[in-house]
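Note that the chains take the letters A, B, C and D in the order they are written out, and that residue 1 is the start of every chain.
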Amino acid sequence: MSLFYYTFIPIVIAFIAYFLNKKIKLSLAILNSVVFAYLFYQISRLYNQWNIPHETISYYMFDREIQLIFQLTPLSWLFIFMTTGAGLLIAIFTIKSQQEYVLRSSFHLNFAILIGSILGVVLAGDFLTLFIFWEIMTWSSFFLISSGEKKAAQKASYRYIILSTIGAYLMVTALFIIYNQIHTFGYNQVAAHLSGLPITESIILIIMLAIPFIIKAGVFPFHVWVNGAHSNAPKEFSPFLSGLMLKVGIYGVILLLYFVPLYNILKESVNYRGLPIFNYILAIFGCITVITGTILAIRQEDVKRLVAFSSISQMGYIIMALAISTPLGFTGGLLHLMNHMIFKTTIFLSIAAVIYRTKTTKMSEMGGLIFKMPVTFTAYLIAIIALAGIPPTNGFISKWVIYQALIDKGYIFLSVAAFFGSIGSFMYVFKPLSTIFLGQLKPEHENIKEVPFLMQLPMFVLMALILLFGILPGLQMNLINQISQLLNIQPVGFTLYSITGAFGKWNSLVIFSLFVGGFLLAFIIFISAKKSKQVGLMDTYTSGEYMDDPEAYHYAYQYFRPFDRVFDSFAARSLTVIYDTFAQNIVKLGNLFRKSIVTGNGQTYAFYMVLFIVILAFAGWII
Amino acid sequence: MILNIFGFLLMAFSAMALGLLFIGIARKVVARVQKRIGPPFYQAYLDVFKLFTKNSITHGFIFDFGAIMAFGGMITTLFFVPVGPFVLYGMNGTLLLVIYLMAVAYLGMAMATVGSGNPLASVGISRALTQMLGYELPFIVVLLTLIYSSNTSSIIGIVQTQQSGFMNWNLINIPIGTAIAFVTLLGLMGKKPFDAPIAPSEIASGPVVEHGGKYLAFIMLQHAVSVVVKTALFVDLFLGGGNNIFIFIVKMLIVWLLVTLIGSIFPRFKVEEGVLFYWRWPLIAALLQAVIIIF
Amino acid sequence: MVNLILIIALPLLAAFLIPLFNYINKKLPSIVVFLTTAINLLIIILNYNQIILEPVIIELGNWQAPFAINIYVGTLELISITVISIISLIIAFYNLNHSNFSSESKFHTLYSIIIAGIYGIVMTGDIFNLFVFIEITTVAAYGLTTFNKDKGYEAAIKYIIIGSISSVFLLMAIGFTYSAVGSLNMAVIAAASNLINPGLVRIISLLFFVGIAFEAGILPLSIWVPDVHSIAPSAVSSTLSGLVFLAGITALIKIFFNLFADPSLYVFLMIIGAISLIIGELIAYQQDDIKRMLAYSSIAQMSLVLTIISVGTKYAISGGLFQLFNHAILKTLLFLTAGLMIKYAGSRNISDFGGIAKKIPLIAVGFSVGSLGILGVPFFNGFVSKIMIVNGSLNAGEYILTFLVLFATVIEMAYYLKVIQTIFFGKISINPHKIVKSYVPIIVLITVVFLLGIYPELITKPLNQATGELLSRSDYISNVLGGM
Amino acid sequence: MIDFLEKWSFFGGSVLLILIGLYGVITRKNLIKIFIGLSLMDTGINVLLVSLGYVEGGIAPIITSTINNNSYNFVDPIPQALVLTSIVIGVAVLALGLGVIIKIYEKYNTLDISEIRGLRW
């Protein structure tokens, strides 16, 4: 199948299905699952066929034909594989979970378009194709976010689209400045041209090219859209938004940092410890992202917001690792990218399952769901263990590689930020665990059941992946080394279950077996002791008081209040406020114009004409 | 293989024994500081045996699972820390691993305690996690400096760089770092100025409020192993480790006694005061030291 | 080849016959208008291949070029009249079902006249004739504005006052031109423009600007636009916004590129256009009345076209022209669907349209296609023109202009998305006021939007040719005047 | 001097008429007065157009049996034709405008333009 069709099959089928939906009662979710499964199968067969020829479509635009190029590289394979995989899992999840959702059909239409456009973005072989699909991706995700059930979804999507568009326009400006000089958009030609330009000029162009990607990745000065969009998007879309969409931004960053080898272009310029200053600044932004995301995540009371901020902070890790441009950094970044996709999708899916049953996202309105929804709890538990970077899950391996890369170069502040994020992640992942799943069960949740099997299935698959990649990271390393070869990066040594770092070697098999040993020992001791008696959750120590209200006996609201107090002033001065004030000032300016110019008096309008003519005459006089 | 399993068991049980001994000694020392007679040094053993024989209640499977996870995680951590000449697995890059492995135990304990449904336990966990963010940062900075200066992230490797004599100990090489690490060790162990998480007078021992019988025994064993792990880690990193197990244990005991003595005379920090304390002087000093050593 | 003068004459003829037809059958006038517009489209299609090869000049009364009024149809005019004929046909079709005004035949008379006037403005090769056609168009538009019995008169009176003032200046410009050149023929003026005193050329051009820009949506002069567009019936709003503006800008382009090619004036146009663009967008953002919002958006779009075209390079002009034609198509779509939504909801306020998409999905989709087209989403026609505009302005090194244009688009996005979000995702608050149905025009327009978005060469190839013709004045002169 | 005055008196006079009309339009509040101003402007521009085509000492450009070749000093006929058209258009607009004014008076009970501000912002 031609590469071109991968992008268009989902889009076309989605449109057809959307319009047939009314006539023939078909479930778009099932249809989407089938389509994605087919694509997934086809894409998995593409593995290792890197020498598929490029495909081009010519597009007559200015006064010449413009080629839209599609190409397959190991890097793009990774992304299309992840995209269709996540899309498939989420489509399966939605079959059951969206029974009562009003905007189902538009959700599935936009979702399929989104998948198609992401495939287009990563399969693109030149910047114009990338830009076209990038825009489609932005728009379809905009519609997806605004179809959230909460009222705030619209404001959040608004912020998202405005920010994305500003980025896209910067990119298109830079692209056409380049195009006017070399008359092509091809990656290689643009890269060659950029390296030939004077250094300031090429830095400005690169920054303009990079900003849309950085915005999409949710990195520090532009992270303001992420929390709103994630928390207000439909619950089934948040996993994809966090798992995949943010990563597409990272794809762009990889493209600029490695494919257009920024390192080579800027090598001669100012640098810090052998790292071009641009890369270092990017890494610093990543570092700030980690810290900001962590602190703000700890403060949240809404579970989706909390996980959204956690996504921001994890993106910071990836950016930081990629920006330092060492083989280890690159490997760690890509590993973390894959792993973050897996565990963050799991977290969001398990939260979607909880929301599906409880219809709320406020953590303090839930509690004690562990006995009612054990599968969901297990999925959440395993995913947060991975997120917090605790062995033997995949999350630790990627963080370990990133630490190795950071320490190797002696970037002390970056490493401290990375650790801060890691320890902070204990705090914020434990908060939902404790307040949603543990603690006292709310009386109104007495009759809750576990979610249907079709919703459990994706969670099972993802849990298995977390453990699988935790034990056998070599599966991922194989692909990453192929990507490294493509981008001329020195590959990192690995076997199926070990990775060689800068200061040591990681061997997951040994660690896993020791883990099993430790747990087995504990288990044996536990079993051999006297059997205990099961009592209810209300049957606890209460300093002699008699408690009958589980609501009052559940510690959930403002879980980390002492910590929050430390950062209250920090959180009040948020970037969102600054951006919003800026936007409001523009609106105020418009209102001023409107009130003062459009008075509704015909005579005033006539006066404007006279004034205009007088001004024109004066201006004409002057030149 | 058989030998490995044997070593595995031996190490686990001897660490438990050693840890309980340390705890007993500490109780005695604290009593002496407070002008009491105090319990005998073997009291901790008695307590554990007694608790195992008692009837106990559970609050659901997470309560059981958390206890197993806490203890199992700590035992797993132990295998990576060289105690004298004994180390079950000394692969490269273990230092970072150990830090994270300890978190498994914390997570297990936190799950078990919050799973009990008692809000006091949740408060305790919330405090513990907050405080963790406080002391881990300077500790990590010191560790990073150590990794960078000894050019290895393996604990054994770091021990080996200090082998040739007292003057090569990191205590001498990076004295500020050692001091900071010692201060963070107080937090790591939950000792007095930083014992807000378990504050018995405020939140009824916090996390362990619901634990009784074999669960409390598990917590005690976990605590015993963690004492061994943490002191051994400190000795390995800063006090030159040791091939002789007795000298090593003496070093551990010294560290432990210092911690205990400090713990017995200081009042308690409020939790955010504790965090801010760590982020003020220890963190700044650690960063300064790191900058000096790396550049 | 069919004589192209027919496409002006037919609607005029129809206009005067409509009252007669009205006696026969009340339904007949709308069918007559529909038929005339259809025949016009047919004529243009028949002539298309020939005109694209070389410009067609029709001399009225068989007098030679300088002496009589002539009609000049080059590639630019060809594309314009093609677009005009398609859109007028669609609007006429729409009127078949939706023109339930008390005085139906009068409406159709005026509508025919306005169509004839628009064709005339685009095709004429004589400046006084241009004036006459502009007046025909505006007078008909004055009349159409008053069809709204509520506030139509108020809008009309403002429109008339401003229109009369600017027509005075247009006549003044024509008079000065005539006194300087001694002819009213555009080609002759173009040939002689190098010989006139440059100061006078500048004055004349600016007077022309004042006279025509009032019909082209440039801000201080087109301040009547929101009133009139929001008050007039939807079919009229879309005609005024889509077609009259198109004709006005085409006339301005002819004046500034064919007649007096004085590059020093372009910077004026650019500044005026840019200011008008930003102010238009900023005010449009404030509107809650959907048609007023669209009207301000039209102003902004026209200013965008003007400012881009006044960059004066090949790429910029073709981008601007493409945007102009796109705007005609999209605004028609937007005004028609907005009108239907207003009818359905019984209110003009955007905030009352919550969740309307669930009740009238096609119309809502039509509106969003129009908006997304204007915002330049890929595979909509607006994308290609936006890209061309960016390319054109960057190619000429106008970085600030590019910034302003893109900034304006961001504001534009803000207010269009507000509407789209309300109609698709807002809370359902509609009790249907009136059931509306209109499938064919909306589907046709959506098809056109996507056709141009996916196969832009349908229009970009002729546009390049048109730009080439615009930039080579000598060809134009020799085409009209023969070997003179 | 006289020549100069004679040539420019048409010109200046007509421009003055236009300016007076314009002044009326932007200062008078009454709609009827505004339309009088517009009429004045129309008249002014018509005079201007005619004066532009005036040739000194020329005669009406009518070819009769006695005047049948180009050697006569004709006044330029085209501006006069233009003015005729323009007058027609002006009258049409004026009529339409007055009609609208009548309707406005019926609706708003006032002719003060500053009070007819239903459409604004």
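The rule is short, and it goes like this: a residue touches a chain if its C-beta (ideal position, glycine included) is under 8 Å from a C-beta of that chain, and two chains touch if they have at least 3 such contacts.
Computed from a predicted structure; not experimentally measured.
Among the chains in view, A has its Cα centre nearest the centre of the complete protein Cα set. Remark: among chain pairs C-D and A-B, A-B carries the greater number of C-beta contacts. Distance between chain C and chain D, defined via averaged C-alpha coordinates, is recorded as 28 Å. With centres defined as mean CA coordinates, chain C is found 79 Å away from chain B. Chain A and chain B have CA centres that are 36 Å apart.
Centroids built from CA atoms put chain C at 44 Å from chain A.
In chain D, the residues that reach two or more other chains under the touch definition are 22, 25, 34, 113, 116, 118-119, 121. Residues of chain A in contact with at least two other chains: 594, 598, 600, 602-603, 606.
With chains as nodes and touching pairs as edges, the resulting graph is of another kind, matching none of line, ring, star or complete. Residue ranges on chain C touching chain D, taken from their complex, read 128, 131-132, 135, 139, 142-143, 146, 151, 153-158, 160-161, 163-165, 167-168, 171-172, 174-176, 178-179, 184, 226-227, 230-231, 286. Note for the complex: chain A touches chain C at residues 59-63, 103, 106, 132-133, 135-136, 139, 142-143, 146-147, 151, 153-154, 157-158, 161-162, 165-166, 169, 172-173, 176-177, 179-180, 586-587, 589-591, 593-594, 597-598, 600, 602-603, 605-606, 608-609, 611-613, 616-617, 619-620, 623.
Listed in rising order, the residues of chain D touching chain C in the complex are 18, 22, 25, 31, 34, 38, 41-42, 44-45, 48-49, 52-53, 78-79, 82, 85-86, 89-90, 92-93, 96-97, 100-101, 103-104, 107-108, 113, 116, 118-119, 121.
Of all the residues in chain A, the ones that touch chain D in their complex are 594-595, 598-603, 606-607, 610. The touching residues of chain C, counted against chain A in their complex, run 157-158, 161-162, 165-166, 169, 202-203, 206, 209-210, 214, 220-221, 223-224, 226-227, 264, 267-268, 279, 281-283, 285-286, 314-315, 318, 372, 377-379, 383-384, 387-388, 390-391, 394-395, 402-403, 406, 409-411, 413-414, 417-418, 421, 424-427, 456-457, 460-461, 464.
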